[in-house]
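In structure tokens below, several structures.
The following pair of complexes shares a single chain, chain A, combined with chain B in the former and chain C in the latter.
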Partner chain A sequence: MDDYVIGVLSNIGVISFIALSAYLLLLTGEISFGQQAFFAIGAYAAGIATALWGWPLAAGLAWGAATGAAAAILVGVPTLRLHGLYFAIATLAFAEMVRLLFELFSYQVVVDGEFIGPNGADGFRGIRYIFENDIGPLRFLLVIYGLLAATLAAFMLIERSRLGIIFRMIGEDEVLAETNGIAVARHKVLAAGLAGAVAGIGGGLYAHLTTYVEPRIFDVMLGVHSLAYGLIGGLGTAFGPLLGVLIDIGLLESIRMFAGYRMIIFGGLVALLLIVRPRGLLDEIAVHRIRKAWPRILAAGERQTLHLRRPQ
Partner chain B sequence: MIDFVQTTIDGVMVGASYGLLALGFTLIFGVMRRLNLSYGPSIMVGAYLGTLLYVQHGASPVAVAAMTVAGAALAGIYVERLCFAPMAVGAGVASMVSSFAIWMQLEQAAVLVLPRHTYPFPPLATGAPLMLGPFQLRIDHLIMLISALGMSLCVQLMLYRSRFGLALRAIIGNPVAAHLVGIDVRSAILTAFAVASAIGGFAGYLVLAADQQVTPMFGMWATFKGLVAMMIGGLGSTPGAILGGIVLGVVEAHGQWYFGPQVRELVAYLLLFGFLVFRPGGILGEPPTRSVIDRRSM
Partner chain C sequence: MMYSSRPWVLAAAAMAVLVSGATAAERARADVSCQPGTKTLQYDCAIKLTNARTGAPLTKVDLTVGADMPSMPMAHNVRPVKATPTEEPGTYRATIELEMHGDWALQLNLAGELRDRVIKTMRFEGDRAVQSSPKTPSRHKH
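This part shows the complex of A and B:
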């Protein structure tokens, strides 16, 4: 594979994490404009761990996931009692605060005779772990997709478990879920924490992939895009957000024929698609039909006791 | 002390433009209960058409203003037809994401027509600032404040003194019941959308005439400033929108004066976050209940 293809694939893999993060909250019925905050926190935390503290990559990524989850839980507790637009704007405000704080955040250490570390608006250079340890682009691609596959497997397990049904139940009707004895607040904070961890892993991978991060990458555009991916690809399965990322980055950003007109075509197509399918390409009904048509998965599909219908 | 008052005055003036942006936003959100992320980009389309007229034909400020308002209203109608009118009742999130996709589309279209990063925008008033004792008052800022207050009054009168306003309030209360008593809900919503985008276009014109330049980033700026001012003032409240804008402007001006430009934005978002956590209804809005902001309709 040439470097360009590897680069595009790596990008798709990394952005898929933040798309999955926004998707998990969408399942519980919450719209977040702020998942980029946990992506940013994961990126900085993992970068600091490997570049400044000399941690191995796995520990750095785990640290990025942990800080992302911790931040998401911390902000989730006061905001998750808000609903709809109120919650969406609160996450937006939080994420912008995080971005602006990173513009003021400076923490530099001398490593091998030069200053490295976050330096305010100038960003964080020198996250060179994969070069110093001779991990080529192809091997790092495998690392990204290995982790993505593990995350997807975890999503599949959650969606087939009682927890996944509870998440969707809260997303469908919170009051009804509560009257059925579900601890709504606790489960929403749990979903926010998991989403924060997923975004944190993605951020850590992103920092090591690009070797350089700066606060302005993590602006609200990234957050709204990651939200849109789930809605374009479909909310019926965790493959939906991945499909959304694949369509946007894989198809449009990478095919140079569209340069200059990409957003005119893409924007119009997305608007038309959402008229026909307001819950995306792989919505609940599509997923249900695929499961029925695919006998091998049928056995697993029947265990789904979910109420599948289009919202009216 | 003089600096403090001057900073406050500057904040109120800039805040008036935030308030005007919030006014259009709150009208759309109040009627639709849906978020139109393309609100700012629609205004930018109007502004780009205005500046095109100015750069290529040397049009007068009045013509530029008319073009900006008309362009914003037209773009608003386009957004409504594509992202809001065809959506089913429960598909509010789809409407929002769709309006985001159209935002990207409008922004790229604007860049294709006028590819440079900044374009000049005709100033509204170039005279020396008024002096009130030791305090300065820019004339274009004064026009901004007066327009904001006047426009807010007009919207209030339209909502509470006209048949169209009555129809809108009926739709806000219950769209199905409004339809049953013979209100043409779809066309009323379209009109409200066009009016709101035109108000936004007017606000955008005043801001850009004070800045004397326009960039493609203006769409995003207008959407988020309007959104923040609307939330601080209280969703669905017309006086609240102006008040929220002014509070935002004053807080930003003082944040910048004491801590520098990087902190300006930070205090604005801190204020917003604080309001949402401790007083989600904003200054004048009603506190949200699950039925008011039903997550299905959002």
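This part shows the complex of A and C:
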């Protein structure tokens, strides 16, 4: 496979984590403009773990997920009472605070005769785990999609479980959920923690993919995009945000001839899509229809196979 | 019935990636200077590659140059182009076409003699391209 294609696929895989993170909060009815903060925390934490402390990649990514989750819980508790616009502003303010803190954060150690580590606005270079361990782009792509498949499987399990129903119930009507005996506060903090962990894993993978991070990467732009993926792709299933990422990065790559204007074109398309389908392409109704049609499609496929196998 | 062992091999390879520890490897050092090209937003870059440990010029590497805007990661990027070696040992040339002026992180991907990735942050402003100096704040301070 061409290195460029691997690069685009890797980007799609990595960015899917932050899309899933924002989607989980959207399920509980909260619009977060701050998931990029947990992505950043995961990126820095995982990068420090492997590049400075010499940890294996799995431990580094786990550490990134843990710090992302811890930070999300820390934000989730005081913002429990906030809703809608107020919650969105609070998360955005937190994300900007994190970004500015990383502009001041300096922690460098000498590795192999060179200073390595976060260096404020200059960023964090030398996260060279994949080069030090001779991991090719295809192998790393495999790691990204392996972890994405595991995360997606966990999302599917959650959505089919009581927990998933509770999340959706809180998202539909918080007061009604509370009157039905649901511990809303506890579940919202849990959703925030899980979303922080997912963003943290994505950040860790991003840092190792690019070998370099800097505070500007984790700007509000990334937060807006992560939110848009769920809204474009649909809120009916965890595949929705992935479809959103595919449309975003795939579309951006396919309209390269428009160069700098392609983001404007993309913005227009997003606005149009949200007018036509406010809950995205794979909304609850679409997912229900697909689920209903699926057994019929499978049965038709089986009939076709039997017909082909039957001796004439 | 035949079962393919390929998925298990791929899964084992992915697991090996996740649990292996860090080992020391050769690093590359790069000096980059870019000049405006013939077209708007086109820049000709001269890249000098050396071995970070020995200082020897890297003459047998396959170099590709890509770029990403740090403020809009994965949204504004340059499709990687192959750099061509010049007569001077360890020096390569590549022409990149940006989407807009501003701060870009040049991604130098090395393969062959030494496999590495070097990132250089540069500011491209019409008639000039300067390397972003360390400790330069990315935002205006009031």
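General remarks:
FYI, the second predicted complex is superposed on the first by the 288 of 312 C-alpha atoms of A that agree within 3 Å, B and C clash if a C-alpha of one lies under 4 Å from a C-alpha of the other, contacts with A are read in each partner's own complex, and residues count from 1 in each chain.
What we mean here is this: contacts are C-beta pairs under 8 Å (C-beta built on N, C-alpha and C of every residue); 3 or more make two chains touch, one makes a residue touch a chain.
As the structure is a prediction and not an experimental result, all values here were calculated from the model.
Look at A:275: by the touch rule set out above, it reaches chain B but stays clear of chain C. When the two complexes are overlaid on their common chain A, residue A:263 makes contact with chain B and with chain C alike. Looking at the shared chain after the overlay, A:142 reaches chain C, while chain B stays out of its contact range. Of the two partner chains placed by superposition, only chain C is touched by A:15; chain B is not.
When the two structures are aligned on the shared chain, A:31 is found in touch with chain B, with no touch to chain C.
Legend: residue contacts after superposition of the two complexes on their common chain; A:103 is shown touching both chain B and chain C. When the two structures are aligned on the shared chain, A:89 is found in touch with chain B, with no touch to chain C.
Judged by the document's definition of touching, chain A residues 103, 121, 221, 260, 263 lie at the interface with chain B and also at the interface with chain C.
Residues of chain A that touch chain B in their complex: 26, 29-31, 78-79, 82-86, 88-90, 92-94, 96-97, 100-101, 103-104, 121, 174-175, 220-221, 224, 227-228, 231-232, 260-264, 266-268, 270-272, 274-275, 278-279, 311-312.
Remark: chain A residues 3-4, 7, 11, 15, 50-51, 54-58, 61, 103, 112-114, 119-123, 125, 128-129, 131-135, 139-140, 142-143, 146, 210-212, 214-217, 219, 221-222, 225, 249, 252, 256, 259-260, 263 touch chain C in the complex.
Taken together, the chain C residues at the contact with chain A in this complex read 10-11, 13-14, 17-25, 27, 41, 52-53, 64, 66, 68, 70-76, 79-80, 99-100, 103, 105, 107, 109, 115-117, 119, 121, 132, 134-138. Here chain B touches chain A in the complex through residues 29, 35, 37, 82-83, 86-91, 93-98, 100-109, 112, 220, 224, 227-228, 231, 235, 262-263, 265-266, 269-270, 272-273, 276-277, 280, 288, 290, 293-298, going by the rule given at the top.
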